[in-house]
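Should a chain be cited, it is by its letter among A, B, C and D, assigned in written order, with residues numbered from 1 in that chain.
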Amino acid sequence: MDALDGQCWILTLSCEDRSGIVSKVTGYLHEIGGNIMEAQQFRDPETNRFFMRVEFEIANSTGVEQFESFGNPAAEFDMRWRFRRRDQAKKVLILVSRFDHCLSDLLYRRRIGELKMDIVGIISNHPGDNLHLPMRDKIPFHHFPVSKDSKPQQEAQIRDVIERTGAELVILARYMQILSDDMARYLRGRCINIHHSFLPGFKGARPYHQAYQRGVKMIGATAHFVTSDLDEGPIIEQDVEQVSHSDMPEDLVTKGRNIEQRVLSRAVRYALEDRILPNGRKTVVFRR
Amino acid sequence: MDALDGQCWILTLSCEDRSGIVSKVTGYLHEIGGNIMEAQQFRDPETNRFFMRVEFEIANSTGVEQFESFGNPAAEFDMRWRFRRRDQAKKVLILVSRFDHCLSDLLYRRRIGELKMDIVGIISNHPGDNLHLPMRDKIPFHHFPVSKDSKPQQEAQIRDVIERTGAELVILARYMQILSDDMARYLRGRCINIHHSFLPGFKGARPYHQAYQRGVKMIGATAHFVTSDLDEGPIIEQDVEQVSHSDMPEDLVTKGRNIEQRVLSRAVRYALEDRILPNGRKTVVFRR
Amino acid sequence: MDALDGQCWILTLSCEDRSGIVSKVTGYLHEIGGNIMEAQQFRDPETNRFFMRVEFEIANSTGVEQFESFGNPAAEFDMRWRFRRRDQAKKVLILVSRFDHCLSDLLYRRRIGELKMDIVGIISNHPGDNLHLPMRDKIPFHHFPVSKDSKPQQEAQIRDVIERTGAELVILARYMQILSDDMARYLRGRCINIHHSFLPGFKGARPYHQAYQRGVKMIGATAHFVTSDLDEGPIIEQDVEQVSHSDMPEDLVTKGRNIEQRVLSRAVRYALEDRILPNGRKTVVFRR
Amino acid sequence: MDALDGQCWILTLSCEDRSGIVSKVTGYLHEIGGNIMEAQQFRDPETNRFFMRVEFEIANSTGVEQFESFGNPAAEFDMRWRFRRRDQAKKVLILVSRFDHCLSDLLYRRRIGELKMDIVGIISNHPGDNLHLPMRDKIPFHHFPVSKDSKPQQEAQIRDVIERTGAELVILARYMQILSDDMARYLRGRCINIHHSFLPGFKGARPYHQAYQRGVKMIGATAHFVTSDLDEGPIIEQDVEQVSHSDMPEDLVTKGRNIEQRVLSRAVRYALEDRILPNGRKTVVFRR
């Protein structure tokens, strides 16, 4: 194995809180020659659960195997833990329907190097010509149409792409299909959806029309993990913009596109940088 | 009657939309010697209802009677309309319970002349010593305790203050009591409440605790007209702030106080300046 | 000439303020059968200048000639005025250098119909392969390299494209060249630049690095009209985002890209919808 | 000495960065029985300087003396460090001139327990009756008038109050006097000013009028440490709001008041919670 000099790694972990965790973890990193660049932690006082993310630099890096010895302290505290090279792009699969502004935004951010990800495929339930994206960066595109009856088969097709490509993160970039409970369970903790409302307001369909009918003075968008409980998954990121009485539903849709892009791309960035740790029905997000 | 030289007036009106309204209104104002300073209008395409607000200056102002002749064009278009001198402070009654940050903020803004209002009374269901406001600017303070049984009597007391003082606007500045349907109807269109959530999310009690439980990444506040349908009244103004996993319910409450102050004071300002026109379940707000 | 049924028009005007303008204008529109959809106005108390924008609908529209009769009231008030069909896309020319995130964003918004414009050309001082945009929607692309010595010739080339295409609006979408005074004068009032700082802070080069050095806690972007006075042109739109001590210059650049896109696309939208009226060193922007 | 059971402490430190700091610090805290609640750190890549803030809980707390043994690791890394009990209110002195909206806001936040501080005095160069605060919570008020000639004497008076009361933090809550270089040096690192502009834009006097003249579309405020270099001190916090062409200077002043309150109270909170670490011309602010 080649030595990988001066590499950056990310360690994420969670466990029940008790005295000495930070000391143990940072002591371990010091011993193996790591230098901590950034560290964040959180203790949930409700559940007494502890969460930590450490970025560190290590000379003479030989690969993820060199951290096997972390198994001992980890076992002592019953940790869930993971080491990951910071510059190793995650494999990402993107699902989309007819609206492609989020897809377009993600592709551009990848292209200029802002989002470090390896997009292993784009799946749509509509034909590719429907997209405003004749140029799709040589990313494999799959058109998997879906109807009520064919959903099990179509989801099997999606699963197949995930398994074949080794996709680690699935992004529903305005994918206007409800996943089956099975599929939601299968994707648990690794599938991010962008919902075009400021949840928990305006669940369900046509949220901008709901917002118009209610006469709200701000609209928003929410990125969340997909669960079988629709629109109830752990929230990762949200944002809003001001609107007024003169904004018709189509204006809300237009304003909303910007919010959706912003919110989803932030959530994806957090995921790519291992900044999101699941915490029951919530998330711990170690923002920069 | 004395002539009031060079006065500013505000005309607000609404009616069914048809061609010629603006021309008729502005023609009328020109004829009587008015000079338009600011005008805003809106046509609701759903209901075909038209809304307008005009600020104008007029020399030799003799009082509101001089606009009686507007009755003719108004009748032609079946308008609801009203002239009001801009510098005439509205009479305002404020209701509060134990949390007085909104009351404190409103009092200060009045004191420095930012909110031009004549506060004719403060009513609380708690004794005045509970407030962090030993100095209440010589505004009459009423302690009207309330229990389930005594609500009708207590609301009668409030009504009595309103009638006696001629209060034109009632502000529920964190008044933690639900009004009876009767009272809500009585106050229809002239009572603003501040709800400590970003409606329609987190209706009902303890919204910050609901927000914490749901793990949202932003919290907000909503100023709305009171209706008998709790938390469903027409929305006037909303705002939000970002929160994180490390914000406990008490942190949300702290952040929320600022949002509530901001949102309520804006809504009150709009009301004092006749910028809010009711539009069914919604509002038209001609922001500056 | 064909009748154009039920068309929407936009009238913009400015003149010295005096009594009767609004009445005269709206009276005229009523006479010729127009129905006002939206109207906004502003009087600058410093200069006593009056600004107005009216959107109106008119049946049996026969073209811009039918508004010739407006010349009479216009002359009476010495107005600068213009009628324009709302659905007539403006001709736009975009200039760009190496960073194409704003160009990419503008192209996408045009493609999905959010920005109604007819892009008649893209000009860069770098070859087209440098852009992250292999697909450029069949828009003519011109590579006009520039050096200190060749600037007059290069600007003549740009002028030539403008003349030939009839471009009405020129957008400097991160065009990293300073225009000559002559060119700035030539483009006066029809050329929008995006400056990557919250002006007037951080004028000149490398504003994100300046911001980093100064340790500010927010960064921003500014869209303004180009004048020969660099970074001093009338401001159209601004926005900001929060940053922290941990944001390195490259993080500011990344965050900045989003702000620049947002700010420039809003400014362009205002320009396309005739919402910007020049007012000396400032602008009147009738936001929606 | 009484044992203080289960107390929370805050440790802040900075030193040159090298491997092992975090491990050493957290190891020390573990040894003495501390449990880390929250920890944040930052390495400045430009200066290679390391900054850390740790909140920890410790049983059987006997006072700050028990942390004397930290002197050894601290010396090893040449740290600047400090332990402080979290619930120990800092002594604060507030200076104000004629505008008291920031003072009013700070007093209220203290009163309701949001800002944990012990206000040891209020100093103004104007008489107390000028303030809109007849009720000043029994805080000693000093009227120290100042003229060009009497500035040295007046600053000596202020110094005297600081020395006598042991004030740890001095807040210039819209104190409209320029401090002498001597005074600025004396207050270095412990005096926060609120500047009513989004620095570095609009330095100097009457920033809202400057902003109006320039025609900006957002205004802001900046909290910064006072240095002898006017308006150039390290920035702690900033915020902005949108404005439009129709906002006159007095409207900007009104909007500005809210921004100033918000920005100053946040900066003060950071200071009270030891979240601000000086870093040359900049600050490290460990926001929550």
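Note that a residue touches a chain if its C-beta (ideal position, glycine included) is under 8 Å from a C-beta of that chain, and two chains touch if they have at least 3 such contacts.
Molecules present, by chain and UniProt name: A, B, C, D = Formyltetrahydrofolate deformylase.
Just so you know, these numbers come straight off a predicted model, no measurement behind them.
Chemist: Among the chains, which has its CA centre at the largest distance from chain D's?
Modeler: It is C.
Chemist: What rotation angle takes the CA atoms of chain B onto those of chain C? Round to the nearest 5 degrees.
Modeler: 180
Chemist: So using the touch definition from the top, which pair is joined by more C-beta contacts, A-C or A-D?
Modeler: A-D
Chemist: Just how far, in Å, is the C-alpha centre of chain D from the one of chain A?
Modeler: 37
Chemist: Note the residues in chain A that touch 2 or more other chains, in rising order.
Modeler: 38, 42, 244, 246
Chemist: Quick check: in the complex, which residue numbers of chain D touch chain B?
Modeler: Chain D residues touching chain B: 38, 101, 104, 108, 111-112, 114, 132-135, 244, 246-247, 251, 254, 257-258, 262, 288.
Chemist: In the complex of these two chains, what residues of chain D are touching chain C?
Modeler: 42, 44-45, 198-202, 213-218, 220, 234-240, 244-246, 248, 279, 281-285, 287
Chemist: Can you tell me which positions in chain A touch chain D when the two form their complex?
Modeler: It comes out as residues 18-24, 26-27, 29-30, 33-43.
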